[in-house]
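In the two complexes below, chain A is the common chain; its partner is chain B in one and chain C in the other.
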Partner chain A sequence: MKIAVLSGKGGTGKTMVSVNLATVAAPSVYVDCDVEEPNGHLYLKPENVEREAVEVLIPRSNPDKCNGCTECVRFCRFNALAYTLDRLKVFPEMCHSCGGCKVICPQKAITEFPRTVGYVESGQSGDIKIHTGIMNIGEVAGIPIIDRLSEKIPEAGNVFVDCPPGSSCSVMESIKDADFCVLVSEPTVFGAHNLNMVAELVRTFEKPFGVILNKDIGGERNPSEEYCLKNNIDIIGRIPFDRKLGLLSSEARIAVAEDSHFKKLFSEILDNIKEAAQ
Partner chain B sequence: MKIAIPVNNESENPDIAESLGRAPFYMVYDTETKTSKTIYNPAQDSPSGAGVKAAQTIVDTGAKILLTIRCGDKAFEVLDGAGVELMEGFVGTAKENIDAYLGGKMSKLETIHAGHHGHGA
Partner chain C sequence: MKQLLILSGKGGTGKTTVAGAMIRLSQVRACADCDVDAPNLHLIMKYEGEGIRSDYFGLPKAFINENVCTMCGLCSEMCRFNAVDVNEKTTVNQFACEGCGLCEAICPVDAIEMRATVAGDLRLFDDIEKGVFSTAQLRMGNGTSGLLVTQVKNQLKKAAADAEFAIIDGSPGIGCPVIASMTGADTVLVVTEPSMSGFSDMTRILDTAKGLRAETAVCVNKADLNPEITDRIRTYCKERKVPYVGEIPYDPLAVKAVNDGLTIADVNCPAGDAVREIFEKVMKIFEGGRK
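Then we have the complex of A and B:
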């Protein structure tokens, strides 16, 4: 089963939840799609890591063939091309590598060249296979890296996809193949607002989903819980605000591997996910 | 010689627009005929890359001078590559800006900001 872990807001505990679930579910596969800031590897400490580059194709114009018709400039929806002083200027980081300019050019003046935008690192930690997407600093679009990560996901087995925060294109790309979505929330008004955004997203994708109330303070108001109750959303787990859990996580230690109390807590959440996903 | 200015509307003497890439219109003033025309900026609602597209529009007008309050790095690359000179405009009407430029009271735009790209990519 492929389980995507996401949250509208950053810092709600996606990675903490993902690595702990992957550990109680082992043998498993952990995929870090948070390519701008992948940090699951800090917890899981993969060994025998192999690294492969992720490349995209970028256009280049042959000035001897180009007659300055600017069809390509007008075609580009991402405004990655400009034509000045008899030559085509390409802004590589704006380009989405659709290849449309090459197709549309009447002079066949455009060829494409690969450009590295990031890496995928694959390694092993005990019974957990780890794939980490890493976007190069200065790049703006992580989609090609997430695409490559998707190719690494096996058809069978317990797969946990740690998604980027927010509800943008990169999140949509990350949950594309998921069988179930876990939404990690925190007990703040801001958290509930962003939980709503991401709940709308997974509904649009018609994915079954449930919410984990993280940092829950018993007896105190939890805006994310109120949101779930109001909208009939399944609460599949409740992780109390716990200093010990915070300390373990701050040292990049996996709580379920060190404390039977947390092992029980996350095992129950995993059971709830499996039940809800059916 | 043609002078371009980002402006807020199509009237005869509009105010300068504070944004270059997202300005609704550009006014192009011809110093030889002493006439001006206003063109629509097709980049104003672009999800991304407005600066590049806007700069292309300005280059295509044949203007060699641009009076603007601000300019992002990508737009600058296009404009500079096309030999357009950027002068630092000020809040006021297009006419006030043109008069200041023609009177030699305007300095070159020194600061190019890093742009607003990368959001929602």
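Then we have the complex of A and C:
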């Protein structure tokens, strides 16, 4: 079963939840799609890591063939091309690699060459296989790296996909193959507001989903819980605010591996997910 | 207009909480929320009404004229984003379409048209007492957040042309919207937290900001939750000569303030006291100008 863990708001505990679930579910696969800020590897500490570059295609113009007609410049909606000082200039970070300039060039002056935008690192930690996407600093879009990660996802087995925050294109790309979505929320009006957005996203893609209420402070108001109750959304787990869990997680330690209380808590959440996903 | 931008790398470290407090303390006449994927600043800014709403148009999307389409499949074959399907009819997946326009350019029978589509909402609040607040929400599944961030800042600059400075709440990560928000910033305050994740992400955002003209500074939120990692962050900043402007303790009253729609500068709490000290230091750097 492929389970995507997402949140809307950042910092609600996606990675902490993902690595602990992957550990209680082992043998399992953990995939880090938060390519701008991948952190699961800090917890899982994979060994025998193999690294592969993720490349995109970028145009290059042959000055001998180019006659300066600038059709390509007018075609490119991403503002990745400019014609100055008698030659075509390419802005690689702006390019979406659509290949259009090459196709429409009347002189056939454009060829494409690969440019590295990030990496996928694959390794093993005990019974857990780990795939981490890492976007290079200064790049703007992580989608090609997320695409490469989804090629790594096996058909069978327990797979946990740690998604980026928000509800943008990269989140959509990350949940594409998921059988079930776990939405992690915190007890603030910020958390509830962003939970609403991400719930709309998973509904649009008709994914079954449930919410984990993280950092729940008993007796205090929990706006995320109020949102779930009001909208008939399944609450599949509650993780009370706990300084020990906070401390372990801040040190990128896996709570379920160190404390039987947390092992029980996350095993129950995993059971709830499996039940809800059926 | 000078710009103070609040960023974090990792999400949930307290960008909006700190930004909200700084806006109150500075009584700034111009502020914006550039976290267009998950905007939250409006929840504690307490502006009356809905503001002035306008549509944000991202890149256009492909639409097929079924009466003309011969289902030759060329568009589907050429589309690098797998956005076009040819089955019983030719369909475009609006979420996958990146708006490059190649299909329109190559269609042998001119059956494809690129049309502007609404990709988000911009909002502008203008209050005589509080000043101007610019914010936006990107519609889900859209990919042009950088462009929307630029429009949020543009409408702020236009509406608050006489404001000397602005405070801007940014988004997590290091990608498209973050880089767009950094353009034109004079000082970037990075709010981090004492965790391995927070530390790692802080180094990535500081590296991303390196090429900028802006001065950067770091503060640690929830600093007492792991004093050892807070020490390491402090040491890292010292070694890199990044100004370290202070620490905010974990404070349940801060959570309560936010849930009551207030900033931590509005209530009497330890986090509020800490943010006042940080504010003084940041303003000194900010007034000192670019590096």
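Operating definition for what follows: the second predicted complex is superposed on the first by the 278 of 278 C-alpha atoms of A that agree within 3 Å, B and C clash if a C-alpha of one lies under 4 Å from a C-alpha of the other, contacts with A are read in each partner's own complex, and residues count from 1 in each chain.
We take it that contacts are C-beta pairs under 8 Å (C-beta built on N, C-alpha and C of every residue); 3 or more make two chains touch, one makes a residue touch a chain.
Computed from a predicted model, the values in this text were never measured in an experiment.
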{"item": "First (chain B), second (chain C), both or neither touched by A:89", "value": "first"}
{"item": "Partner chain in contact with A:8 - chain B first, chain C second, else both or neither", "value": "second"}
{"item": "First, second, both or neither for A:32, with chain B first and chain C second", "value": "neither"}
{"item": "Partner chain(s) touched by A:162 [first = chain B, second = chain C, both, neither]", "value": "neither"}
{"item": "Dominant contact partner of chain A by residue count, chain C or chain B", "value": "C"}
{"item": "Chain B versus chain C as contact partner of A:80, first or second or both or neither", "value": "first"}
{"item": "Chain B versus chain C as contact partner of A:216, first or second or both or neither", "value": "neither"}
{"item": "Contacts of A:225 with chain B and chain C, given as first, second, both or neither", "value": "neither"}
{"item": "Shared chain A contacts, counted only where both chain B and chain C touch the same residue", "value": "78, 140-141, 168-169"}
{"item": "List of chain B residues in touch with chain A within their complex", "value": "43, 46, 48-53, 55-56, 59, 74, 77-78, 81-83, 117-118, 120-121"}
{"item": "Residue ranges of chain C in contact with chain A within the complex", "value": "8-13, 16, 37-38, 40, 43, 59-60, 78, 80-81, 95, 98-102, 105-106, 137-138, 140-143, 145-146, 171-176, 179, 193-198, 200-201, 204, 207-208, 211, 225-226, 229, 252, 255-256, 258-259, 261"}
{"item": "Parts of chain A lying in touch with chain C, wherever the complex brings them together", "value": "7-12, 15, 36-37, 39, 42, 75, 77-78, 96-100, 103-104, 135, 137-143, 164-172, 186-190, 193-194, 197-198, 200-201, 204, 217, 220-221, 223, 243, 246-247, 249-252"}
{"item": "Footprint of chain B on chain A - complex, ascending", "value": "73, 78-85, 89, 91, 93-94, 140-141, 168-169"}
